[in-house]
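Let me begin by handing over the structure; questions about it come next.
In order of appearance the chains are A, B, C and D, and numbering begins at 1 in each one.
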Amino acid sequence: MNGWHETEVRVRYAETDQMGIAHHANYLIWFEAGRSDLCRARGFSYKDMEEQENALMVVAESYVRYKSPAFYEDILTIKTAISEIRSRSIRFSYEINRGSDGALIAEGETLHLVTDKQQKVRTIPESYKRLLTEDDLAFPAEQVPR
Amino acid sequence: MNGWHETEVRVRYAETDQMGIAHHANYLIWFEAGRSDLCRARGFSYKDMEEQENALMVVAESYVRYKSPAFYEDILTIKTAISEIRSRSIRFSYEINRGSDGALIAEGETLHLVTDKQQKVRTIPESYKRLLTEDDLAFPAEQVPR
Amino acid sequence: MNGWHETEVRVRYAETDQMGIAHHANYLIWFEAGRSDLCRARGFSYKDMEEQENALMVVAESYVRYKSPAFYEDILTIKTAISEIRSRSIRFSYEINRGSDGALIAEGETLHLVTDKQQKVRTIPESYKRLLTEDDLAFPAEQVPR
Amino acid sequence: MNGWHETEVRVRYAETDQMGIAHHANYLIWFEAGRSDLCRARGFSYKDMEEQENALMVVAESYVRYKSPAFYEDILTIKTAISEIRSRSIRFSYEINRGSDGALIAEGETLHLVTDKQQKVRTIPESYKRLLTEDDLAFPAEQVPR
């Protein structure tokens, strides 16, 4: 298992609901932001995989455990890691913490199947698999291309 | 100008914010639902235009006047009409009312340019223009295909 | 376990992503729409519980298994049931099917804790528990108050 | 008119639609992120105004001109300024540019009325008005509290 990658988001007003907390559907969007960032840190983009390799990472399962509510303007750190990689699937794990007090906000997992644009399951392109599994990040954190 | 087309939505919990009212960005999504419905009532779908004619209706302007807040579970009626149609653009007008008390919730407008998939402005396909401008709905309300 | 309650949604354009399918975070919003509807069918509203009883149903866990993609304009049926009810928690189960071909789109579960407005866990108000557990719906489907 | 305040967002996958571009409703959410940031830079938060002063900034009008599409992973700069401040209303102006090529993505405006929690229009609390109108930012950009 590779190291955690960290992404920061600030809770938007639009993400709150009338309970006064961040609505629970946003957690999947934040997980996705973490996943995108992890891929970018490893030297590629979802977009490249879609356009150049006809390979889509389709979400097959999602699981979230909500531990503590998040509020408007909270700065959250999403930690993302690849917890399992197989020939045709990838599992990511997540942990969200609040910056100000370190509170654990949520934990979760998503399982992804790799498919082509016709939604047929296929193997992960070899070059991407290598980027995702190698021990060291393609780029040290401070050199991640923006 | 053609008649109004009516679409009903119920305010979702996820659409509220911590002010306890429906967040203002959702109004554009409701307008879009009204617009989709109006097109469907006239015998075609956004999807068809995109897939069969390489014609996209890109939003060029949006304007919303928020008159009265909408709340969780409110049933809203979105009235949509085509207010202007030119060779390469279409303007839609909207009015949102609450079912229970008839309150005017919002009014608005969107202007759309017709482009191809490379984002180049093009003329509206003739067959769609006809469907959008003819006086009578392609289908009476109760026969709109689902 | 009580019977399934059915809710219909039509996939909105705003709910699609660049993969051309409904984005996976929307499923939690659709589940919530199903849950709201089930409560309403049993004679009460989230809103009442929040305002009159100082009881919030906070999401503690969510789980979704995505079986088949949903597309723009698809009409989906969300089936919702209460799968477990305890003194301070409620578990809901969901199944989403597409109307046109009956395809299974997704299955899932959410677990909810009942808290007060200070986020302290509390027991479910007795009157609501009764409405949620009684064998027969408070209102037959065709008489559900709107 | 005060200076522009700048906020950066990266386009999320969830924000794209099947046209392959950022959905137009997100622009209002980005404007709001810019507005929140401008307030924070001036030494206060929406949250404070709501909780301590019973003053809500309700959106009364929104206007967006979409100039060029934004894509997944684009880094966008939202420039926000207060263009008019009256006793009971505030007007904000916005401009969105893409970082990589400087392209103008959108321009817009929102008009806000200040109300109490019962939705009655009221005057802007004097202390907030001062923070919003004084020539110099309450905090230099690099000292904005997080």
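In this section, a contact is a pair of C-beta atoms (placed from the backbone, for glycine too) under 8 Å apart; a residue touches a chain by one contact, two chains touch by 3 or more.
Every value quoted in this text rests on a predicted model; they were computed, and no experiment measured them.
When you average the Cα atoms of each chain and compare centres, the chain farthest from chain D turns out to be C.
Two copies of one chain, chain C and chain D, form a contact in which over half of the residue numbers belong to both partners.
Centre-to-centre separation between chain B and chain D, using Cα means, comes to 26 Å. The mean-CA centres of chain C and chain D are about 33 angstrom from one another, to the nearest whole unit. Look at where the CA atoms of chain B average out and do the same for chain C: the two points lie 27 Å apart. Residue positions 13-14, 18-19, 25, 28-29, 32, 72 of chain B each touch two or more of the other chains. By the touch rule above, chain C contacts chain A in their complex via residues 18-19, 24-26, 28-29, 32, 50, 56, 58-66, 69, 119. On the side of chain B, the complex with chain A involves touching residues 13-14, 16-21, 23, 25, 72.
Per the touch definition, chain A reaches chain D in the complex via residues 10, 12-14, 28-29, 32-33, 36, 40, 45-47, 71-73, 75, 99, 146.
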